[in-house]
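You will see chain A twice below: alongside chain B first, and alongside chain C after that.
On to the complex of A and B.
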């Protein structure tokens, strides 16, 4: 009964997956189609607050929650696509592209598209740099003397070990208004630089930071892969007169391809959920990411309210985005897999 | 040696006795206190601790923690230190109790001004006020023969003069950090232009003349600020002052003392405190008066509430104020306004309105904080920004249920 044994082995993991992943997912999906509202009544309220030395009392109409047995009454109802509509604002998009609209710039002023634009370009720009830089580092380290490798690997890994928020904060403090580096640049060039006064410089710093931070991860994976390259093949290609570039192109890269796909997928998933950089660089006035958008909906506002419904919708859309993004590399591995079997 | 030990033992004994003496009863009911972490609260909670069995937790995330902590049954804290705006969620959830009977029992020292009445019932006790008002460099203004600005147009003229004289490149400071801080500054200026945020039925009315004037004035001021002003909050502005980088800012009165702290500040004695400038000539000071105080949880036993309130009265006693007179602008009996209170008192005296903490205002404040930055970074026009604020508020207000 191989099927039964198989089922027995994966059952515990399946149960945990259902409890901790599938059920919350269903609940988020459910919430994204519902809205919970308080029930309010308008009442004339006299309220007094202190001025300095005297008291200020005002009588005014205020909305007050209806209480039942000391608990505020709420009602939950199905709202269809409303939460998604509030995020995606199809009407505003249609307006922007109408003859009188402002086109793309107006669309990008809508939070969701602003976040989507940043998240996508962040993900896609950092990707080639991380794969390329990781590969270069791995090849370089693979070439140096054995005795030096340990220390070099350690130093190269350092950026990856640092807690992301701490790393982002450290870079921010270097470049902020009167940080060490900005002061140095001012002293050298005589120009006052303000890295945090406009969006594109902040974006540039976030890109740089992410590459600096994640490239070591790609390096370690590729370096491990390089240790398993067949030495005979390399020697054979050397005898056949293959140049260094040719060896790289026809022997090493094909050998590392599964790892490159692996690093790509992990990086796509990770950077599509970019969040630490936005917080660390205090970038939200200029650049926000999809994950940050969800977070800001969940942050209680000044009335203690969390926009759970919109946060759920935004989380669903983020997840959808990751799936779409992963389709390309996944299809490739699927093809490879089928080709082999 | 022995003598020394005896001596220090006596001193220790003496210290504990005098600390005990601060509280006039021995508390036997365990009380948990949560309050914002700033110097005034440290002073108050230290006095509360002398009654015994008081466990204090001070942090800056109190706003996020309290609604859930007080909604628990029983509540996780008996005593919640809060400010005018953070009381609203607790009132909405119904998790704080009326205090009238406790005041009758223990509140002999309270002044009428301290009682926060909602619909006739006292729901919270205020202990201090906080207000943003003008701080400026007396020496810089005197050198250039500039008078104390009473409205923002005069301030702009002074700033231009300071910049032109080459004293400072960016003479203005501002708590313009995108989010709560920027929204607070907008609210201050908006009231200065006699704006009102809501019409009948909580409909937003921010898209008017006052809104446009407010944005224009704030943008004019931001031209004199360090270009990174959208990340600048009260700590940043305080440090800019202390390091002599700016000549003027509308800053919280709780920051006034730090200007003369010789350990941090290079401008000791050079900062003058004045009432908040008016938005236009002849207007009221463009600022709002906030209070800090406390409420007592509802989901606790009456005995606990009794003890918590009794302990709290020790915390905000006239003796505490006498020992910590400069720590805040106290509303408590026995407070003698010092030089740091001048600006705050002048602002309130000239008719600065209290911050209108309501559910609608909380949603509006959030909508402002989330949408103002696009205007200052130049991505949107004033009209577009105000339209977006009104739209964001409308969505939130409908979601909350206060707008039909």
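On to the complex of A and C.
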């Protein structure tokens, strides 16, 4: 395809991606080093109260917002790393690790580190479960009668296709105060367990939700991969006396390896973005994620202000994280590409 | 197809274990959804009963509002019986439909006679059902407005994203320059980008759009054009159109990757043949490639649909009360979750949002599966 024609074909997508992805990124980077504040002016105000014989008058300096045509005037100035410092609080971290500090627990009280800790452990803990459950499901479905496969795949797809916030809510409703599973737990253990009163139970539910939600995706990919396993290799391994476990380990898993890498990559990207769970489980009092942190800065507070500068700083840090996460696979792609050409 | 080797057959204990595992998974997968569906049709006394059987059967709901009896299920039974019976025969489609209608009619008549003869328990409602929560949500809270907004956003995203995406996906599948490679890598990085990062850029711009766009409305060379639409520069915050474009752009990296892998599977000889016959590249694309591309386009469209329909992050920040879509609007029911009835209304709203997705999987199961594997198998 000639260069000019090629450009014509990709132009609509390219324009959209430049305007709505590249430019916003530049403006976020710019915002993260600036602070916008209302301009205040000091005015000498004389206020008098009626008194005996003469009025009592007090003159004082008052600061009030400058208004222009009914809108508060704002000014934006360069503040260097201030926004980042507010987020990362290096002094508090240094304090925590000083001899008199409280160590890691004090650091995790700072929103950013709390979010970072949760996002990373969420990503890493769910990964083996999703790959494992997906693989087991694929092997099990591959073994049942053909007529049953369609309905089984249908039911399996439901958790994947459902709106994440709604899926999280559906599971939350099972565990709320009078939910059916709360009753079941009470009946089995004889204790009242309230799942929403402490952080770790909420975190457990969020992990469970994510595995429930994404395992079907891993299942479909692995199941498709199983259909292309070379039958001859399997038969040869049987003749060589390989047991079922050995066949799985030395024939099937190596065949699925590229797909396992693919699912891992997609999962890393997607669960690093964890957000809907925090909303669905109303977990923000105990557990927050990096995306939720930025989101909460962007939502207006009681006075209607949005902390755009701090949101930008936290967005930049979030982006830094995903770049670090992708660096290894991207370097491999680059080497492959150079090797080919 | 393959020769049966005894050693390949699964041993009985393993087979039983696998069966139990699979049944267990199906229960876990479906139970939360089944449960909220069951709750949403019950009066609060049944829905929050400590006896799970009450929640499913709903005796108090049945007493107050009636429900489904064996008798009223008869048409369904008739259709299933007729359909299962007709499947075996190899008839033309038309004959088949006529037979299904005829058989189900006869089956229903026969069963009806049997049920009437037995009478009593079979005509009494088996499951209690009430639509009051749905009525309250859709009519009382005017949820249809959010439904319309969701429909507009979703339809807009699917159309724009597929139009721009097929062009780009086709071009990228037919080019192997370094520029095309880097474009694809950039798209991959963008796909990984958390959406809140971009929102921090959109939000101030959309809120201040009136001031930012004003020069276009005042500068003489462009003023006449923009004033055709509105006399003054618009505030874009809370409007549906920018949200559609934002969602398209966010989704575009994924769309392009998926469509590229579908276009790559169409032999390039097809383009060449069309061009030998005198087509330009655009004509070849429109008249030769697109007709064989429809399965891939439908699959990709499904995923665009899901992204737009399921989004909470973007729509909850960039839209206001009037233009709210369904998923963020559910928060309004959650905040007023004081009484039991409010809580069931929230559940009914959640079920309303899920129902279209349920239908989607039913109709497009095959396409969804092929879409999930498209990126993986072809790389």
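The criterion applied here is as follows: the second predicted complex is superposed on the first by the 281 of 341 C-alpha atoms of A that agree within 3 Å, B and C clash if a C-alpha of one lies under 4 Å from a C-alpha of the other, contacts with A are read in each partner's own complex, and residues count from 1 in each chain.
In the analysis below, a residue touches a chain if its C-beta (ideal position, glycine included) is under 8 Å from a C-beta of that chain, and two chains touch if they have at least 3 such contacts.
Nothing here was measured: the structure is a model prediction, and the numbers come from that model.
Touch criterion met: A:54 reaches chain B, while chain C stays clear of it. When both complexes are overlaid on chain A, the residue A:132 reaches neither chain B nor chain C. With both structures placed on the common chain, the touch criterion links A:171 to chain C but leaves chain B unconnected.
Touch counts on chain A: comparing chain C and chain B, the chain ahead is C.
Of the two partner chains, chain C is the only one touched by A:23; chain B is not. Residue contacts after overlaying the shared chain place A:269 against chain C, while chain B stays out of touching range. Of the two partner chains placed by the overlay, neither chain B nor chain C lies in contact with A:103.
Legend: residue contacts after superposition of the two complexes on their common chain; A:155 is shown touching chain C, with no touch to chain B. Taken together, the two structures place residues 178, 282, 299 of chain A in contact with chain B in one case and with chain C in the other. Residues 2-3, 5, 7-8, 10, 14-15, 18-19, 21-22, 25-26, 28-33, 35-36, 39, 48, 50, 52, 55, 163-165, 167-168, 170-172, 174-175, 177-178, 180-181, 183, 185, 187-205, 245-246, 248-250, 252-253, 256, 281-282, 285, 306, 309-310, 312-313, 317, 327, 330, 334, 346-347, 350, 353-354, 357-358, 360-362, 365, 368-369, 372-373, 375-377, 379 of chain C are the ones touching chain A in the complex. Every residue of chain A that touches chain C in the complex is listed here, in rising order: 1, 3, 5-6, 9-10, 12-14, 16-17, 19-21, 23-28, 31, 133, 136-137, 139-141, 143-144, 150, 152-159, 161-167, 169-171, 173-174, 178, 180, 183, 212, 216-217, 220-221, 224-225, 228, 231, 234-235, 238, 244, 258-259, 262-263, 269, 272-273, 275-276, 279, 282, 290-292, 294-295, 297-299, 306, 308, 311-312, 314-316, 318-319, 322-323, 325-326, 330, 333-334, 337, 341. Per the touch definition, chain A reaches chain B in the complex via residues 35, 37-40, 42-43, 45-57, 61-65, 67, 70-72, 75, 86, 105, 109, 176-178, 192, 194, 196-199, 282, 284-286, 296, 299-305, 307, 309-310. Across the complex, chain A is touched by residues 63-64, 67, 84-85, 88-90, 92-94, 112-120, 126, 129, 169, 177-180, 200-202, 226-228, 230-231, 245, 289, 291, 298, 329, 331, 344-345, 348-349, 353-354, 357-363, 365-366, 370, 373-374, 376-377, 379-380, 384, 388, 395-396, 398-402 of chain B.
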